[in-house]
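Please go over the structures that come below.
Next come two complexes built around chain A: one with chain B, the other with chain C.
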Partner chain A sequence: MPKIKVDGQELEVAPGRKLLDVLEEHGTHVPHFCWHPGLKPHGNCRMCLVKVNNSRKLEVSCMYPCTDNLEVTTKGPEIEAARKTVMEFLLINHPLDCPICDKAGECMLQDHTYKYRHGLSRFHEDKVIKETKDLGPTVRIWGNRCISCTRCIRFTDDVVGTGELSLVNRGDHGMADVHPDVPLDNPMSLNVVDICPVGALIDKSFLFQARVWFTERIETTCTSCSRGCNVTATMHKGEVKRLQPRRNDDVNGFWMCDAGRLDIEWLKSPARLRTARGGAKDVADQLRSAAGRVGIILSTSATLEEMFLAKQLATAVNGRIGFVSLDQGTRWVSKSGFAIETDKTANRRGAATLFGKNLGFEDVTAGIHSGDLTHLVVINAIPNLAWPEDIRDATKKVSWLAVADVLESDLSTRAAVVIPSAAWAEKDGTIVNRDGRVQRLRRLHDAPGAAVSDASWLQEVLVHLGARKTVVSAEGVFREAFPGMDYGKVGNMGSALPAIATDVPANTVQK
Partner chain B sequence: MIEINHHHRQPHTPATREFTPAVKAELEAIAARYPRREAALLPALRLLEREYGCVDEPGMIHVAKLVGVSPSKVYGVFTFYTHYRRPSDGKYSIQVCSTLTCALKGSEQVFDHLSQKLGIGKDGTTPDRMFTLKKVECLGNCDQGPCMQINDDFVDAVTPAGCDKLVDEMRNAKDEFHPPPQKYHLPPNKYAPVMIKHALEDGSDTLAHYRNRGGYETARSIIHGAKTPDEVIEIVFASGLRGRGGAGFSTGQKWKFLAKNDKPRYLVINADESEPGTFKDKLLIDRDPHGLIEGIILAAYAIKAQHSYIYIRGEFAFGAKMLQKAVDEAYAAGLLGKGVMGSQMEIHVTVHRGAGAYICGEETGLISSLEGGRGHPKIKPPFPAVEGAWGCPTIVNNVETLFTLPYILKNGADWFRSFGTAKSPGTKLFSISGHVLRPGNYELPLGVPLKELIYDIAGGIPNGKKLKAVCPGGSSSPFLTADEVLADGDKLIRLDFESLQAAGSMLGSGAIVVMDETTCMVDVCWNILRFYAHESCGQCTPCREGTGWIAKMAGRFEKGGGDASEIDMLDEVAWSMVGRTICVLADAAAMPARSIVKKWRSEFEAHAAGHACPLQHHKPPKHNKSGHQAGHQHA
Partner chain C sequence: MDAHNPHADAHKDAHALVAHAPPGLSWLARASIAAYLPSIAAGMAKTLEWMFRPAVTLRYPEQQYKPRKGYRGEHRLKKDEQGRPKCVACFMCATACPAECITIVAEPAPWPDRDKVPAKFEIDMLKCIYCGMCEEACPCDAIELTETFTQIATTRKEKIYDKERLLKN
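Let's look at the complex of A and B:
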C-alpha cells in the first residue's frame, strides 16, 4: 500500500486512488466545486489545488493519482492565493443574486466565498447574460448562476445514462443545457439539483418555498418503493417541503428517484381521511364478539411495528391475516445500477419475515365468500391504491367493516368504523427494504385532523381486548418484537434485520 | 441586431429530418473509418449542412440517433464550433477576419463598410435572407489580409470597393456565386527553399507532379525494408527535428514516448492551423498535399500506426478538398490502404474536418474533437503517446513536421543538421505578415536573425514607417519591442527556439506579425484578448472567466474608459490565470497581454489620461457605459 504524507501526517492509501478522494475521507477538507464523490472526477473548477512534492505548479487534487511517498501540502499562502483567484473568477459573471436564489444558505459557492475570499470585486465590466428556463418538467436552470462544473452533465451521462444534459456554447458563455426539443425528464432528474454546487439548477417543486436557514432537517427513509432510499426531509412550518437523498452506499448511494422525492405531494391531499367514525373500543367490541370469524387485511407498506401488532390482534381474536401490495411498471435500472423497484410498498420484506413468503389476501377473501369470516379490518398505508375487485366484493359481503386508511376510498365510505391513519411522514416506525435492511421512519410532522398512527390504535384495541397492558411508543413495540434491539441500534443508516421474537406474546381474548 | 432567442426556427423547418438511404450509407462509410461511432458526429453535421443548408434542431436529433449519442451531446458539440451554418444564416455567410494581422490591415473598416452597405450588424441577416455578416477569428490567411470568407471560399486583400463589387456579384448571380480561386505566391527568398521550392509549380498538388520530382520514393524504399521502424525513429531523433506546431518538442523523443502495449496506435496530423499569424500549413496542404501524405506514411511506418487522421480546421474547406483528392489518388495508386506499395503494410488516412475552434489545435483538444466531442483539452498525464485517441497510444504531429520527414529520411540526419543551429536544426517555414513590404511564407534555416527577416528578406516596413512591435511566434508569444528586435551582439534575436526563449518570448509556430509606429498597442492587446476569450473552451475557471475579463478590460482601455490605477490589475488578473489550467490557452492569452502591458504601459496611461485612444482607433462609445464589446456570440 502506498504511503503518502498530507501536511506532514503519514497516511496509507490504496494504490491508484485520486488524492482528493483520500483527503476527503481522511477529513482534510480541500475546497472544491466540480468534484463529487459519486461522480467521475473532471478537474475543471481548479479549486482543489494543492502542492505535490514541492512542484512548481499547483495540481488539482481531484485528478492526481496517489503514488508512494507523495508529499501533499493543502495549506499555505500560495494555495490560499490560488483559491482566492479561483473564487474571484467564479464570481465575476455570477449574478450574486443570493437574496432571490433558492440555493442560498446551502450553496457551495456562497460558503466558499465566505471562507476563501474576502474583499470587494475588482470586476467592473458587464457580466455575461445567459438564459433562465425550464430544462424539463422538474428542473429549472438559471444560466447566469451556472459555473460549468459539469456535475449535472456527468450525472446524466454516467449515473443515469440518458445524457439529456451537455455543456453548450463556449468560454464564459458556456452553461449546462438540454437540446431545445429534448427535455431533462429521466426518473432521477432531480438529483442534479442536489449536486449543483450553485443555484443554477432548481427543483421546481421547492422553488420559492422556504429559505433553507428557517428549515429543519430530519433524516428518514423513502417509502415509495421497496428500495428504501435514505433521505433527508426539509421541514418548514410543519410541512415537508422536499426530500433529498442521503448517502448510504449499501442502499441508494447518493441518489433517489423523482417519484420517491415527490411522494410528499399527497400528504396534503384534500382526500386525506381526517375524521374518525367510531374508534378502538368499537373495533375491540366487534372483534371480541366475532372472535374466530375475523379477517384482517394489511398493506405491505405497514411498518414492522404495525405488522407485529396486527399479528397480535389476529392471535387475540383468532383471525386470519392477509396482505395487499402494489406492483407497478417494470424495474428501472440506471446506467450505474441504481434501481427503482416495481414493488411500490416499503415493507414487503418485513411482512415476509413476520408472516412467511405467502403474502396474499385470498385466504381472507375466500373466508368471507364462504361465510366463515364475517368481520373485516382493513389497514392500508398505500396512497391511491386501486383496490382489487376481490377485496371490494368481500368488503360488501361482510357484516361489519373497519377501515384504517390514509386517503378516502369507496371502502372507507362503506365502513362501519373508519380510523384516519397517519401517513409515513406522520409516524415513527421501521421498515425492511428488499435487501433485508431495517431502516427507520421518523415522524416529520403532525397527522391531519384526528389521524393516528396504526401502531397506536392497534395497541388501544389490544388493550381493550385485554391482550396488552398498555400503549407504548413505536420503539417500545419494536423492542418487544426484536428483543435486544432498539432504534439506536438501527441507526440513521439502517442495519441487518435482527431475529424476531419467536413467540408473539399475546393472550387470547377473554370472553 | 440583438438575438435574444438563439434557438429560433426557420419558418419552413420540418419537425423531423431524415437522410436519404444514400446519405445514410455515406455516413456509414464515414463511421466505418473510426474505431468508435461517435467520431462520425462532426462529419455527420457536415452532411446535414450539405443536405439541408444548415444544422438545425430536428437535424441534430436525427444525427444523434444515427451516430448513437444523445441529442444534447450533438447540441453541445454544435454550439461549441462556430463554423457550421446556422438556420439563421443567409445564402451567403460573409465572414470577415477580425484578428491581429487582418485588423492591422483594416478589416474593421471592411466590416463597417459591409455592415453599412448591407444594413445589418454583427451576426445579422438581411431581410431577403441573402447575406449574413459575421466577424470571425483568424482564418489563417494573414499575408493576404484583410481577408474574409464567403461561405467556404477565401477572398484575399479585401477593400471596401472590392466588397461593393462582390456584393453586387452575389446579388446578381443566377446560381451560387463563388469568388475567384485564391492565388498563391511565394516572395523571393535568398535562402534557397528546400521543402517548398515546388509549391507554386503548376499541378504541384497532383500525384503525377509529386512523383516526377521523386515523390514517394523515400517511403517506398523504407517500407520495403531499407530501414526498420526503429531505425526511422532513431534517424528522426538524431536529426533533432522539433515539432513545427508551436511547442518545439523533439519529434523523435515524442515517438519514443509511445506506450508499448497491445492497443492500436494512431497517428493524428494536426492541420488545425489557427494560431493567429500562421499560414504555413495551408500552403503545404493546398499546394503539396502528397508531400504531407508521404510524411504520414513514413511516420505511420515508424510508429506502427495503421490508421492516421488528418484533422484540418473547418475553415480550410478547400484544403480539405485538396487533401481528400490527394488521399484518393494515393489509395488508387496503391500508396495507401492494404498492401502499401506492394508491401504487407496497411496504412489508412482519413481526412477529418474540424468546425471552427482554435483549441482543437491543442493536441488533447484535437483528440476530443476527433472523437466526436467538444474540443475540450484533457488533463495530462496521461499524455497522448500513452493514452490518446480512443484511449490508445497516439502521436499528434503538425503538418509541417510530417512534411519535413521525407527530406530527412531521404538525405539523412546530418544533412538536416547542416541547416539551422545545434539545438534548432533544419529549415522551417516562417509566416510573416502585418506591416512588412513582402508578407508571405519563407523557408529559412533556423537561427536567421529576426531583423534580417523583417528588414532584408521581407523588405522592411512600408511607407518609411518605423517599427513598433513584433509578435515573433504567433499571438500566444510575448511581444517584442523595436529595440529588442533591432538589438545586436549578445542581444541579437535569432529565429530559433533558444534565442527567442532567451529574449523572453518563443518561436511558437513561426508566425511573425510586424507592427509599425502607427499601431495602437492597447488596441492590439484588446484584439488578441478578444481572440482568446472567444476561443477559450470554458472548462477551467481561470481561463473561462479570466480571458473574458481581461479582454473586456483591454477593450475599456482602448475606448478610453480605463483608469491608470487599473493597469496593474490587468497584469495581475492575467498573471493569476497562468499555470492554473488543463491546457495552456490561459497562458497563451496572459503572456502576450502581460508583455504588452509591461512594454507599452505608457500607451495604457495615455488612453486613461485622454479618455480616448490617442490614435483615434476607437472612439468612446456613446451609450455603453463600460464600452466592452461582446467577445463572442454563439448561435
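Let's look at the complex of A and C:
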C-alpha cells in the first residue's frame, strides 16, 4: 500500500488511485470542475492543481496516480495564483447572466468564483456568443455558459453508453452538443443537468420554476421502480419541483432515471381523488358484520407500515389478502450497470417479506367468484394502474366495495366507500427495494383535499374494530412491526431489513 | 442652586413677585402666582414668536405635498425602448426585500433576444416598508421607487399592485 503525505499528514491509499479521489475522500477539498466521482477523470479544467514532491510544475490532482512517498501540498501562494489564473480563463467567455440562470445558487463556477476569483476581468474583447437550443425532449443547453468540462459527454459515453453528446468546435468556441439527427434522448438523460458544473444544461421541466435559494431539500426515496433510488426532493411553496439523485453506492450510485424524476407530475393531476365517500367507521361496521367473508387487495407499492396494518386487518376480520402489482417494459441496464427495473412498484420485496413469495390476487378473486367472499377492500398506491379484468369483474360481483386509491378509476366510481389516499410524496413510511434494503419515504407536502395516508385510516378501522388501542404515526407502526428498530436506525441511506414481529395480533373483533 | 439652571432665575423672579404681591392674599394664592405666572409669560412669548414665522404645515389636500428628490414612494416597473418590461424575473428584489412583499412567477420570454420574463409580478404595498432595497438589488435597473406620495385604496386587495399597475406608474 503506497503511503502519501497530504499537507504533512500521512495517508495510506490503494495503489493506482488518483490523487483528487483520495483527497476528496480524506476531506481535503481541492476545487475542481471536470472531475466527478462517478466519471472517469479527464483533467481538462486545470482547476485541481496541487504541488507534488517529484514534479517541478503543478500537477492536476485528478489525473495524478498515488505512488509511494508522494508528498502533496494543496495550499500555498503558488497554487492560489494558479487557481486564480484558471478562474480568469474560465470566466473570459462565461456570460454574467447568473440572475436569469437556473443554476445560480448551486453553481460550482459561481461558488469557485466567490472563493478563488481574480477580482476584476482583464478581458476587454467581445465574448464569444454560442447558441441556446434543445438537446432533446428533456434538456436545453445554453452554449454561452458551457465551460467545456466534458462531464456530460463522459456521462453519455461511459455511464449510459449511448454517446449522444460530443464537444463541437475548437478553443473558446467549444461547447457540448448533439449530432443534428441524434437528440439527447436516453432513459438517464437528465443526470447531465445535475453533473453540469455550470448552468449550461438545464432541465426543461424545472426551467424558471424556482430560484434554488428559496427551496427546501428533503431526502426521500424514489418509488417509480423496485430499485428505490435515493433522491433529494426540491420543495418550493409546498410543491415538489424536482427530484435529484442522492449518492448511495449500494443502490443507485450517483444517478437516477428520467422516469423516476418525472414521477412527481401526477401528484398534481386533476384526476387525484380528493373527496371521501364514507369513512373508516363505515369500513369497520361493514367488515365486522362480514367477518370471514372479506377480501383485501393491496398494491405492492404500499409501504411496509400499510402492509403490516393490512395484515392486522385481515387477521382481525378473518379475511383473505391479495396483491396487485405492475410490471412494464424490459429491464434496461446502462453501460455502467445502472438498471431500471420492470417491477414498477416500490415495495414488492417488502410484501414478500411479510406475506411470503406468493403475491397474487387470484386467491381473493376466486373467493369472490365462488361466493365465499362478499366484501372487498382495494387499497392501491400505483398511479394509472390498468386494473386486471379479473379484479374488475370481482369488484362488480361483490356486495360491498371499498376503494382507497390515489387517482380516480372506474373502481372508485363504483365503490360504496371511497377513501382518497395520500401518494408517496404525502406520507411517511418505509419501502424495501429489490435487494432487501429498507429505505424511508418522507412526507414532502400535504395531500390534496381530504386525502389521508393509508396507514392512518387503516389504523382507524382497526380501532373501530377493537383490534388496536389507538392511532399512531407511521414510525409507531414501524416500531411495532420491527421491534428494536426505528426510523433513525433506518437512516437516510437505508439499512438491511430487520426481523419482523411474528406476533401479529390474533382475531380480536368484538362480536 | 445651580447657576446654569434657567429655573434658578425664575425662582428668584417668583420670590420677588411674592415679596411685592398686594397684601391680603392668602399664602396659597401667593404660591400659585410664584409657580405659574413666569411660565405663562414665557409661553405667550413663544406663541407670539411663532405667529410671525412661516407656516410648516400644508392645507392638504388643497395644497399638495411635493416630496424631495429621492423620496421613496410607490414602485414603478420600467420599460425598455420597445415598451417591454425591463424585468428579467431574476428574483433579486424578492431576495433582497426584508418585508417579503414581492411575489414573482417567471416564464420563458416570447422574444428571441430575451430568456426570462415575469408572468406575475406583485408587490403588497401594505407589507412594503419602502426601504428601496429592491431598487438597489435590481441588476437590470428595472424597478425604481417613484416620488408618488399618496396611495388610496378602499380594500386590501387593491393594495396588492400587479405587473400592469406597476408598469403604469
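The rule is short, and it goes like this: the second predicted complex is superposed on the first by the 507 of 511 C-alpha atoms of A that agree within 3 Å, B and C clash if a C-alpha of one lies under 4 Å from a C-alpha of the other, contacts with A are read in each partner's own complex, and residues count from 1 in each chain.
One rule holds for everything that comes next: contacts are C-beta pairs under 8 Å (C-beta built on N, C-alpha and C of every residue); 3 or more make two chains touch, one makes a residue touch a chain.
Quick caveat: nothing in here was measured; it's all calculated off a predicted structure.
Which partner does A:419 reach: the first (chain B), the second (chain C), both, or neither?
Touch partners of A:419: none, neither chain B nor chain C.
For A:208, using the defined touch cut-off, is the partner it touches chain B, chain C, both, or neither? Pick first, second, both or neither.
It touches chain C, and chain B stays clear.
In the superposed arrangement, which partner chain does A:296 touch: chain B (first), chain C (second), both, or neither?
neither
May I ask you to decide whether A:46 touches chain B, chain C, both, or neither, giving the answer as first, second, both or neither?
So A:46 only meets chain B here.
For A:100, decide between first (touching chain B), second (touching chain C), both and neither.
second
What's your read, chain B or chain C touching more residues of chain A?
B
On chain A, what residues does chain B touch that chain C touches as well?
Correct list for chain A: none, the interfaces share no residue.
Show which residues of chain A lie in contact with chain C when the two form their complex.
Checking each residue of chain A against chain C gives 97, 99-100, 132, 207-208, 211, 213-214.
Which of the residues in chain A end up touching chain B in this complex?
Residues of chain A touching chain B: 43-47, 49, 56-58, 60, 63, 82, 85-86, 88-90, 92-93, 122-126, 128, 147-148, 162-174, 177-182.
State the interface residues of chain B toward chain A in the complex, per the touch definition above.
Residues 7, 57-58, 60-61, 64, 69-77, 79-80, 357, 374, 379, 533-542, 544-549, 552-553, 556, 569, 573, 576, 579-582, 626, 628, 631-634 of chain B touch chain A in their complex.
Which residues of chain C touch chain A in the complex?
On the chain C side, the touching residues are 88-92, 95, 106-108, 115-116, 139-140.
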